[in-house]
Amino acid sequence: MSRISVAVLGATGPIGQRFVQMLEGHPYFEVEGFYASERSEGKRFGDIVKVRDHEFSEETMDAKIRTMDIGRISKNARIAFSGIPSELAGPTESELAKKGVAVFTNAGSHRMDEHVPIMIPEINPDHAASVEMQDTYGNGGYIVTNANCSSTGIAMPLFAIDRKFGLKEVFVSTYQALSGAGYPGVPSLDAVGNVVPFIDKEEEKMEKELAKILGGYSKDGFRPAGFKVMANCARVPVVDGHLESLVLKLDSSPSLKEIASVLSEFRGEPQSLRLPSAPEAPIIVRTEKDRPQQVYDALAGSPERAKGMASVVGRLREGNGYYKMFALSHNTLRGGAGGSVLNAELFKAKGLL
Amino acid sequence: MSRISVAVLGATGPIGQRFVQMLEGHPYFEVEGFYASERSEGKRFGDIVKVRDHEFSEETMDAKIRTMDIGRISKNARIAFSGIPSELAGPTESELAKKGVAVFTNAGSHRMDEHVPIMIPEINPDHAASVEMQDTYGNGGYIVTNANCSSTGIAMPLFAIDRKFGLKEVFVSTYQALSGAGYPGVPSLDAVGNVVPFIDKEEEKMEKELAKILGGYSKDGFRPAGFKVMANCARVPVVDGHLESLVLKLDSSPSLKEIASVLSEFRGEPQSLRLPSAPEAPIIVRTEKDRPQQVYDALAGSPERAKGMASVVGRLREGNGYYKMFALSHNTLRGGAGGSVLNAELFKAKGLL
Amino acid sequence: MSRISVAVLGATGPIGQRFVQMLEGHPYFEVEGFYASERSEGKRFGDIVKVRDHEFSEETMDAKIRTMDIGRISKNARIAFSGIPSELAGPTESELAKKGVAVFTNAGSHRMDEHVPIMIPEINPDHAASVEMQDTYGNGGYIVTNANCSSTGIAMPLFAIDRKFGLKEVFVSTYQALSGAGYPGVPSLDAVGNVVPFIDKEEEKMEKELAKILGGYSKDGFRPAGFKVMANCARVPVVDGHLESLVLKLDSSPSLKEIASVLSEFRGEPQSLRLPSAPEAPIIVRTEKDRPQQVYDALAGSPERAKGMASVVGRLREGNGYYKMFALSHNTLRGGAGGSVLNAELFKAKGLL
Amino acid sequence: MSRISVAVLGATGPIGQRFVQMLEGHPYFEVEGFYASERSEGKRFGDIVKVRDHEFSEETMDAKIRTMDIGRISKNARIAFSGIPSELAGPTESELAKKGVAVFTNAGSHRMDEHVPIMIPEINPDHAASVEMQDTYGNGGYIVTNANCSSTGIAMPLFAIDRKFGLKEVFVSTYQALSGAGYPGVPSLDAVGNVVPFIDKEEEKMEKELAKILGGYSKDGFRPAGFKVMANCARVPVVDGHLESLVLKLDSSPSLKEIASVLSEFRGEPQSLRLPSAPEAPIIVRTEKDRPQQVYDALAGSPERAKGMASVVGRLREGNGYYKMFALSHNTLRGGAGGSVLNAELFKAKGLL
């Protein structure tokens, strides 16, 4: 079976490089072209790749990808994976959709658009139907967004808990990694030995998008979920992985053990469909007293392609009528490129590609 | 007037060194001796001091302090400032109190004891009376604790808000500095580029101690304040300064401007008594979009002796019926040695020394 | 063919864990037991493993290894891989050798002993013969050391250059990773945002051991190589990988291109014998203006088992009659556990096991 | 006596802010205006200042400076202190000199110009005469450069040693702080947990400029000193302070004690003239086994204005006919703004202003 041709937009940034990493040797998709800003045009992809700890490097990647030049987009790409900055993404992605391209994007520009879904396949596979209401659908084109990196990691545990125990209020504080700010991103003089308690529009995104992700969809549009989110976002000097503290108010009073079971046993469509980038268990519960931690758990979840695709939850506690825990996920894999790749895999499985 | 003689216990740790820094040239107190573990015995204080960025160094300190040996405690010390680890502090401090010494301690061992106050002079100067009920008072001896480093920084803003607007619930997540764990403390392999979402007993301390600090005191004992605290504590790779995110539920609905005014204008007894280590304004409100930050604000509050003695609050926001903000304070100054020095200054002013 | 049974000593430290990582599924060796300090006795290996970035974790390792308890050493282990601290290693290792165990150690205690080789198989495979002169050889027991972590990475490039162009003087300054100091190792308060220009005995080791490694061996003993080494060692806040600056005085005047070729084309016995842990190319030359860097290059060298086993050299320059370059290698793989595993593979190939 | 009016160019960068810090309340100079790029124009200086650890902040500075707007340069400034990036500095500084302004600059653009001195007043006060040969001197205008940040810290110890013992060869490797790269400077993704072994043109500067600084000057021009410099430069994740390892070849064979004495006792014209920004001792020798370290020693040298103006030397060793040591200095104070302020103080003392 011939693979579906894809282009990667913004291929030189932290998200773009992760797209290429996840697409290398992908069973459904074949990278046909890279796009980036003019600055990178004409460079070989192998010369710009900078993923730490040799997780993905010019020595380990396919020769085809290594030698592909930045800047040549195949006219016939069926899919565009977009890792371009939000301020540029809006019009570019609309234009591609108009030309009949299926755009799976990490950018926030279209997330709150009327029939554009914020997809997390374990949570809202039915939202996929929304693209049929997009103006460009007749043409084969549409836009699908993945969740914001700080929403993704907690969305799955919140969904599993909400479905079973009813979620009323979510108090979340983030410990977000530097790679979430792109490259060059945060100046090192602000990052080394410091915390920056501000990430532009991040709290607003979390407070709105989680309700859309966990809410319903019908042809009349999206219907946000009923719980409230109170978010405080901060950047910490960590390379990859967003850690988040959670305090939850529920409708019922489960034991911590019940919550742990509901989280550990949670499975969604990506698991039943055995999508290539789906983690075996979307939520991993750790029982040590001091986990999850970014450097040990961000890449958790063993099989090769689904590394960094799980949420890791730990330190379940309760008191004063509230439940507390920490959750962690990889912000450029599950919370970035991996989220969109998994979305595209779901769309293929559903016959929408 | 002759100065009151003091001993510093645990003088070689991060807290102990800050005690010496604050006591150097102090108008009321004179350091007569240093105590520490056997390992340091016989060393000169000037040879062990290690405060970063030359804030306090052997080149800048008094010759008397620089050349004082570790290990000689003056028999006649009226006050012991204690920076020893909690696991050792309990019995040592009780014994000193029995001998008639006024112990001002940073250790947590006695904080929840019946007539032992957790003092923050801007908040609960009336709690000082509790020492008169301690068994050892007849002898001149008693124990006064300062608040835990993560409670201190938020206690003043919470108190100012509670008094005016009524506090019902406090959701707090901490971004705590490495110096809070003592020395050697956190291994660098766990700290560099990582966050550790666990600090032993810290959340329990915050949830209990804040209520005691902001509560009342009568001869029958302490009466905890009525609000609830839900705490999540984490260690970040920052040297000094505990940053904390807050979400507050209040009894009333003030505007953000009203809250900002109440915080900025807050003053307590240390200010009216002009205590030497009292900051001019105990709470500094910053209006930038991205402050407070540890490296810029932990030492805020200008005059020489009261550096690092203020709480710095920023990013006031509201939504969903809650108020949000970030607060920061210096964990080894206000939240450690400085807290106890200010307590002793209050006790002197009250004629309790 | 049945595999040779091995025990890992000091299995819980950074070096010990890397031994287990490299031995997992090894074609020649089978782990039969772990030894560590009493503190860890009885714990399962899977519960103590802490290698960053999920390179090696309880989720990805063999069930057998994961569930093996610390503390049970098989009496019949033919090999002991030792990652215990040097201050303890000396007598323990001697005793094991007396019992007929072949000890491959990372500790420095025996490195300068008379017939104990410091092996780097690409450089001095003939030094293996020295073990036959050790007192315990009749019994099957002997001690083989790997080079100090800061010597290893530069030894291969220095050897390749010396053999071809004659080496007279080596000026080396190190930028050494935290994992080289073990765990808990360097306190985070000394490491974050700082450099410590002192590593106990490290400069002395480099100045003596490199000459032994690159020197000759006959039954009369080791004959040190003739060049001089001037070393300055410092610890930087990096997790893994020792970077080192080099200035070299040579006997001849090759072009930079000639040096680059000699380095890139260098191969030794591990390559011709196709030892399992041998990197394809022991020295990788990078041509970018700003490499090697720890986070991108420490794990260079693709195939699974030989990750982190190459030296990476970059920034070749010349001037004033000297040659300059930077070299990097992974201090707990090539410069630690990997070095000893490769030594044992060589000994097996030579029929010495 | 009325103070000399000065303008600060590039006032918003790390160097520019340090200029303002050192000029605040200066006995000779009065800041009349700040210049920076258009981006900052119209902002108040107090709103942009970002010096860590409250060393210099809007709370502690003069009201006049705090409220001064960026962008208004006084037409009558006698002096311009320049902290603008080298790529812009060249023509701007030439133009100002033509208008009769005395330019004291941190930029490298003019350092190797024919009659432009690279001044370190302790070393080459006689080089000041060179400005009289600059074309613009008749007009009152001239350009004086301070040394590159990585050359400054070692220049004083090298000079003291050269004068007494004769210097033949200098092998230097640097551990340079992030603030040396300006702001935003090094992206945090490259800095956190990593070392970058490349700083553009830095090694070339060190190899050329040190010889000019320590050389002679006559009306025929500069005569470089005779020793050779072999430099390797790297950026480490440290905020302030350049640490450098040194190996020296001398003409004679002094004892380490003699070298230590020569360094400690070294004094120059700034000391005999008691210039306001001169450190009491330009070189501080530390005897601990593990110093100097950036976080403890970069600001060494006690009196208020001369903080961060000394070189700190430690770990004196010898062997193989070479001498080894580590040296440290503050890259934005002594190695930046402070260097130029001290130069201007010398020029005033010499009647050249």
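Note that the chains take the letters A, B, C and D in the order they are written out, and that residue 1 is the start of every chain.
Keep this in mind: contacts are C-beta pairs under 8 Å (C-beta built on N, C-alpha and C of every residue); 3 or more make two chains touch, one makes a residue touch a chain.
As the structure is a computational prediction, the values presented were derived from the model and not from experiment.
For B-D, the matching interface among the pairs B-C, A-C or C-D, defined by over half of the contact pairs being the same residue numbers, is A-C.
Across A-D and A-B, the chain pair carrying more C-beta contacts is A-B. With centres defined as mean CA coordinates, subunit B is found 41 Å away from subunit A. Centre-to-centre, using mean CA coordinates, subunit A is 47 Å away from subunit D. Touching of two or more other chains is recorded for residues 50, 190, 192-193, 237-239, 295 of subunit A.
Across the interface of their complex, subunit A is touched by residues 171, 173, 175, 190, 193-198, 203, 207, 228-230, 232, 234, 236-239, 243, 245-247, 289-295, 314-315, 317, 319-320, 322, 324, 326 of subunit B. Those residues of subunit B lying in contact with subunit C across their complex are 14, 50, 178-179, 183-193, 237-239. Looking at the complex, you find that subunit A touches subunit C at residues 50, 52-55, 57, 59-60, 192-193, 239, 295-302, 307.
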